[in-house]
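By letter and in written order, the chains are A, B, C and D; residue numbering begins at 1 in each of them.
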C-alpha cells in the first residue's frame, strides 16, 4: 500500500492532519485552493472561549508546514479527479500559475507599490483593496504574492508593456510566462478538509445587507477587528465614526438551511466581548433563538458576556432597515411581543454552508453529498469522518458545521484511521 | 583550537543595502576578537548563497557562524541545515535579524546602520559562547494503555492495536461498553444502531494484540512519553496486581449522570414513575415502558437541563436523547402524549434539526420553561413550570423522565494526581490546548478521549478516540526514536538547593525532585525549553541551553555600547 | 481543641517563675525531656566561661543548665539553625525547639521553601522583648546582660535593643481582636507552633504556657499542667504593646523612606558597603547554596569592565554592590520576616534591615501575602491569578474575560 | 538634551508572540524608533529580575519585557509567572523610588505589528523625556 497521503485544504484541519502525518514520516501532498495556507482561522483576531490570539496559535503550525521536508504544498491548486482505492489512489491535480516564483521571492513586497491595478481584496471580504500582485494580508504564509491574471494589465493583455512589478523585483521572481500545470499524485489515502463558506447575506433582503450600509456579515466583522485587518483592529463604521450601538443577529438562514450551525452563538458572544472591550459604553444587543452553547466551558463564557451588560433578546422574524442615517432592528420578542433597537452597526451570523464548489468536488471524489449539501459520511457508522470510500476521509467543516477543536480532532482522527489502515511496514 | 567566527551579511537584494551601509558595518566588526571573516553576499538563502556559506565554513575553518539577514523565523532552519552540510554543529550558529527588525523599520540609514552593527556585535559575542548541542534520541515503547472500556476506549484500542503495538484496556466494571453499551439504541437518525458496538467488542475479544482487564484499576503510573510504568490492581476479592510498561496512556474514563439534584425539586427516587434517563433507557431496552402499576403511561414529561444551573454548563447530549425518547414513545402502537420541558434546544449537529422537526410532526409538545418542579399532588405527578414570561403553570402526567447533567466519574481526581495532569473547574480533565490540541493532556504521552474531557455525543467521542490514536501513531512509530527539544533546561546539582520552586512553575511536569540527592532534575524527554524554571530559580542553578545567562548578558553588553 | 477557637475560650497553663523566666522555661524543657515529650531540645546555650550563645541540640537535661530560651542577642537566626538540622530530611528523633516569633516566621517560610522539615519537631515560641545589637553586646561587658535583664522586667526598651526589634510588632502571637483565631487556622497547623510562652502575664512571678494544638495539649498534660488560666490579661498587654510598636514601625518606615528614596540617597546609604555579603550569609530566608550574584556567571571580562569604564568615565570596583542588594531583595523580600539579622551582621552598620523590612511591608501586601503567617499560603512567585496586576502592563489592556482562578501546585 | 540623546533600550521579546509581532511591524514597513536592542527569549517567563536588573544597572536607559497576552502563552502559563515577577520588581523600584518608569512590561501578539511599533515608539519617547539613566551617569555606581 502506498504510504503517502493527499490532504485537500490547508485550513486548520488540513494543517493538523499534514503535520501529524509528516511527523509519522509520511510524505504528505497538501493541496490548497487559495494562495496562502491557514484557511478561515487566520482571519480571526481571537478565538473563543479563551479569546486567544489566533495568529499566535496557528502561525507556528503554518511555519512548521512550510518548513517540513515531508510536506509538499501545492497552492492555488485543486483536485481534478480521484481514482483507485485504499492504498492506491491516483489524484489528478491542477495548479494555477502564480506568476511569482516561490523559490526566488523573498517577500520584500517591492512589487506591490508600482503595480497600477487595485482590486477588492477577497481575503479582507472586500473591505480593503490590494494590488494585482500582492499577498492577501500582512503576515500571510507563505509570504509570497501572486498575480491575478484577470486583473494584471500585462497578463490580461490590456497593456502588454506593463512590467512594473518585474522591474521592481530584484530577484527575478516575477514569471509572466508561468503556466497552469496538471499532474498526478499517487497516494494511499485522502483527507478532505476543504472547509466551509458563510451563507451569502444578500440572500436575505430582510437584513438590509449590502449597499455600503453598516451591516456586516460575521467574517467581515472578524476582519474588521483583526489587528492585521483593513482597519488595523479599529472598530469603526464605514464613515469612520465609532459605533455606539451594535445589534448582532443570530440564526441568519437557519430556517432556510434547516440546521443550526452550532458556533454562531459563541462567536456572537465573542463579538460582543470585543465590542464591549473596545467601546465599553457601546450598547450591544444580541437577537437569538435557542442558545446553543454546549460543552463544559461555553456556558461560563456566555454568562460572563451577559455580565458585561450585553443584552440578549429571544426574538423571531428579525428585520433590519435603514432609518434616518442609522439602522433599526425590528423584532418579535418571543415572550414580550414586538420591539425595535436603534443600531449604528448590525452584524449578521449567517449559517455555515458547504463551499459552492462542493458539487464538483463530490463528483470528482466520487462521494455523495448529504441532504444539507455537505460531503456525506458513511451511514451506519459511528465516526462521521468515514465515508463510503475506504481510505477517503472528510474532516472539519467540509463534513458539517463545527468549531475549531472539533475540526482539529477530526483531522487527527483521520490520521489515526489512516496510520492504522496503512501501517508503516506495508508502506 | 582557537575560535574562528565567520560573519556573513546578506544583502537580501536591495532590501538591506538600501537601508544599511553594509561596508561600514563590516569595517566595524572585522577587527573584533575571534572574527575570522566578515563578508557580504547578495542572497544567502538562494542556492548559490547556501553553497557559498558551506564553502566559506570549510575554507575559513570556521568554528562559529553568524548570519545577519532576515528574521530567524524565516531562515534560521535553512542556515542550520547549511551548517550541518558543512560539518559544523548547527548550534554554533547565530542568526541576526537586520531586515525585519532593522532595515525595514528604521528609515534613517545612519541609524539603521548603527543598530545593525549593534545587533551583529551582539550576535558575535553571543555565538562565541555557544557550545555544540546534539539531538538526543530516545527509543520508545509503542504499546498503549487505555483507561476505560467505553466507546472511546474501544475505538482507540481498535485503531491502535497491531502486530507491532500491543494495547491494554483497563475497565473498572466487569464488562466493556460503558454508557453507550447501556443505550437502548444509538442515533437512529444517522442510520446507526447498537449492533455496531457489539461488533466492535467482538472484534476486540478476537484481537490477540489487545488485552482487556475488566474489574481492574490503575493504582500507580510513573514515567513519560515512550516509557510509562503502570501498576494495575483488580478491585475484586482476590486482589491481583501487576505491572506493565507502555509508551502512551489514553484516558477514556467517560462521564456519569449527575445525581446530586434536590429530590424535593425533581422528585426522583421518592415519587413513583419519576425516572432518570438511564432508567428509561433500560425500559426501552427491556421493551416495556410501564408505570409502577403495570399500566403504560398515557402521558410522559421529558425534563431537560436537570442540574444545568448548578453545574454551570450545558451537557449537549440531553436534547438529542430526549428527542430519541419522544420518537420512541410516539412510534409505539398506543402513543403517549409527550411533553418536553426545555430551556434552550441544543441541536448543533447538521442532522439534529431534522430529527427535531420529525418529533414535532409526530405531535410531541415542546414547552420552553424555567424553574421546573416535579411533585406528587393528590396521587398525580404534576410538573410545575414557569413559561418564558415567568408565568407559573402546571401539567399533570403519568410519568416524568429526568435528563440530568453529565458529570465526571468518581476517581477522576485520584487518576489526575497519578498522571500529574490537571482537572479544570468543572472536574473534567483539562486539555493541553482547548483549541488546537483537544485530545492531549498537558503531559506528553497522555491523551484524553471522549467525555473524560467534557460532555460529548457518541460521534465526537469516537472521533476523539481516533484522534488520540492519530497522535499516538504519529509519535510512537515502532522502530523510530523520539527527538525531544534540544534547547532545554539543565540543572546544576551543586547549586540546586532543592526548594522545588521550579517544579511549581513547570506546566509540563518536566521537573522532578530527587529526594535522595536533595536536588531537582529535568526530564529531557518532556522539557519544552520555555525557561520558566530558569526564570524562577533564585540561585540560578537552572540554565536553559542556548539562552544561558552568559549568552544573554553578552547581548546586553553589546546593546549598551 | 481546634485552632479555630478564639481567645475567649482559650486557657493557658501557669508556670511559676520566681527565679526568672530563663530558669523557669529551661526547667519546663528539662521536665519535658525527662517525661519524653521529645527526645532532644534545640536552643541557644551560653558557652561556659564566655558570654557568647550558640544553638545546641541537647539530649542530656543536665546540659540545659546554661541554656537561655531567650538570649540577650540573636547570634544565629533560629530559622537558619533549624534549617541546618532538618534541611535534608526530618531528624530521626523528636526535637523541641524554642524560637523567637521572628525565628518561627522564618521557619514557616523555610518550610514552604523545603529547607525545613517539621515532622516530629515541636516548635515552641516565646514572647520576645527584643534582642540587643550584637556589636553592643560584644563590647558592652556584663552590664549588657543587666540591660537585657531590665528589659525582661519592664519591656520598655530605651533604645537598647536592635532597631529591627524596636519596630517589631509581631513579637508575640497574632491576636489583633476578640474573635481572631489565636493561632492562624489551617489543615496541618499552618503556623506550626504547639506551645506559645506568654511572658506578659499579670504577674512577673509566673509565665503562661499556651497550647496551640493537640500535641501542645498533650505535652502539657504529660507535665501535669492544666490550661485553666484565662488569657484576657496577657492578651490585653500584648495588644497594647503591639499598638505602640505598630505605630513606631509605621512612623519609622515613613521617616526612613525620606532618608532612602531616590538613587542618590539610596547610594548614600549603601556607599559604605564592603561587599562582604554578610547580610546574605546570615539571612534566614536566603537559602541558596550559592548566591546568584556571587556566581562566576556574574563575573565580567576585563574587556567588559573597560567598555563600561570608557562609557562612564569611572567604574567602582568590585562591581555592582547595588545589583547584589537589589537582586537579593527581588529574590527574598516577599519572604522577609524583618528579623534584622542582616543589620546585626553588617560590619559597617548599613541599616540593611530597615531597608528590607520597609520594602517587605510595601511589597508583601501587594501579593496579599504575609511572610511567616501560614505554611498553607502558596509562595507568591510559585502561584498566580489569571487576572491580576493589569496595572503593571503598559499600555494596560486588562482583558475582562480572564476569570480569577488561583493556580498553585501543592 | 533629549535632542541628541540616543537611549540604549533593551527589549526581551518572547519568541512566539512579541518577536513575531516585531517582525510583522518590519514586514509591513512601520517606522520604529532605532533605540531598542531586541533579545529573543523563548518565553517571557525566562525573564526574571536578574536579567532586568543587570540590563538596568549596567547602563540600559530602559528595559522592555514583552510577551504573549495573558491566556495566549505558547507554554500555557509562562507569562502569568513573568507578570508576577515583573510586578514584584516594579514594586521594589517604586517603593525605593529607583527609576521604576524605566522598566516596562507589554503584551504584544504575533498579529500586532502596529502595537509593537506603538509600544516601542512610546517607550522610546518616554525614556528620551526622562533622559539618560542615573544608574549610568551616577559616578558612585
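Everything that follows uses one rule, which is that contacts are C-beta pairs under 8 Å (C-beta built on N, C-alpha and C of every residue); 3 or more make two chains touch, one makes a residue touch a chain.
Only a predicted model underlies this, so the values are computations on that prediction, with no experimental measurement involved.
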Identity of the most central chain, Cα criterion: B
Interface ranked first by C-beta contact pairs: A-B
Mean-CA-position distance for subunit B and subunit A (Å): 23
Approximate Å spacing (C-alpha centroids) for the pair subunit B, subunit C: 45
Whole-Å gap between the CA centroids of subunit A and subunit D: 35
Length of the line joining the C-alpha centres of subunit B and subunit D, rounded to whole Å: 32
Subunit C, residues touching no fewer than two other chains: 292, 311, 331, 381, 399, 401
Sites on subunit B at which at least two other chains make contact: 73, 505, 536, 540, 549, 553, 557, 560
Multi-chain contact sites of subunit D, meaning residues that touch two or more partners: 20, 27, 29, 50, 54, 58-59, 69, 71, 74, 77, 81, 85
Residues of subunit B defined as touching subunit C within the complex: 33, 425, 494-501, 503-505, 518, 536, 538-541, 548-550, 553, 557, 560-561
Parts of subunit C lying in touch with subunit B, wherever the complex brings them together: 87-88, 113-115, 287-292, 295, 297, 303-304, 307, 311, 331-332, 378-379, 381-383, 405, 408-409
In the complex, subunit D residues that touch subunit C: 49-50, 53-54, 57-59, 69-71, 77, 80-81, 83-92, 95-99, 104-107, 118-119, 122-123, 134-141
Residues of subunit D defined as touching subunit B within the complex: 8-10, 19-20, 22-23, 25-27, 29-32, 34, 37-43, 45-48, 50-51, 54-55, 58-60, 74-78, 81-82, 85, 117
Touching residues on subunit D, where the partner in the complex is subunit A: 16-17, 20, 24, 27-29, 68-69, 71-72, 74, 109-115
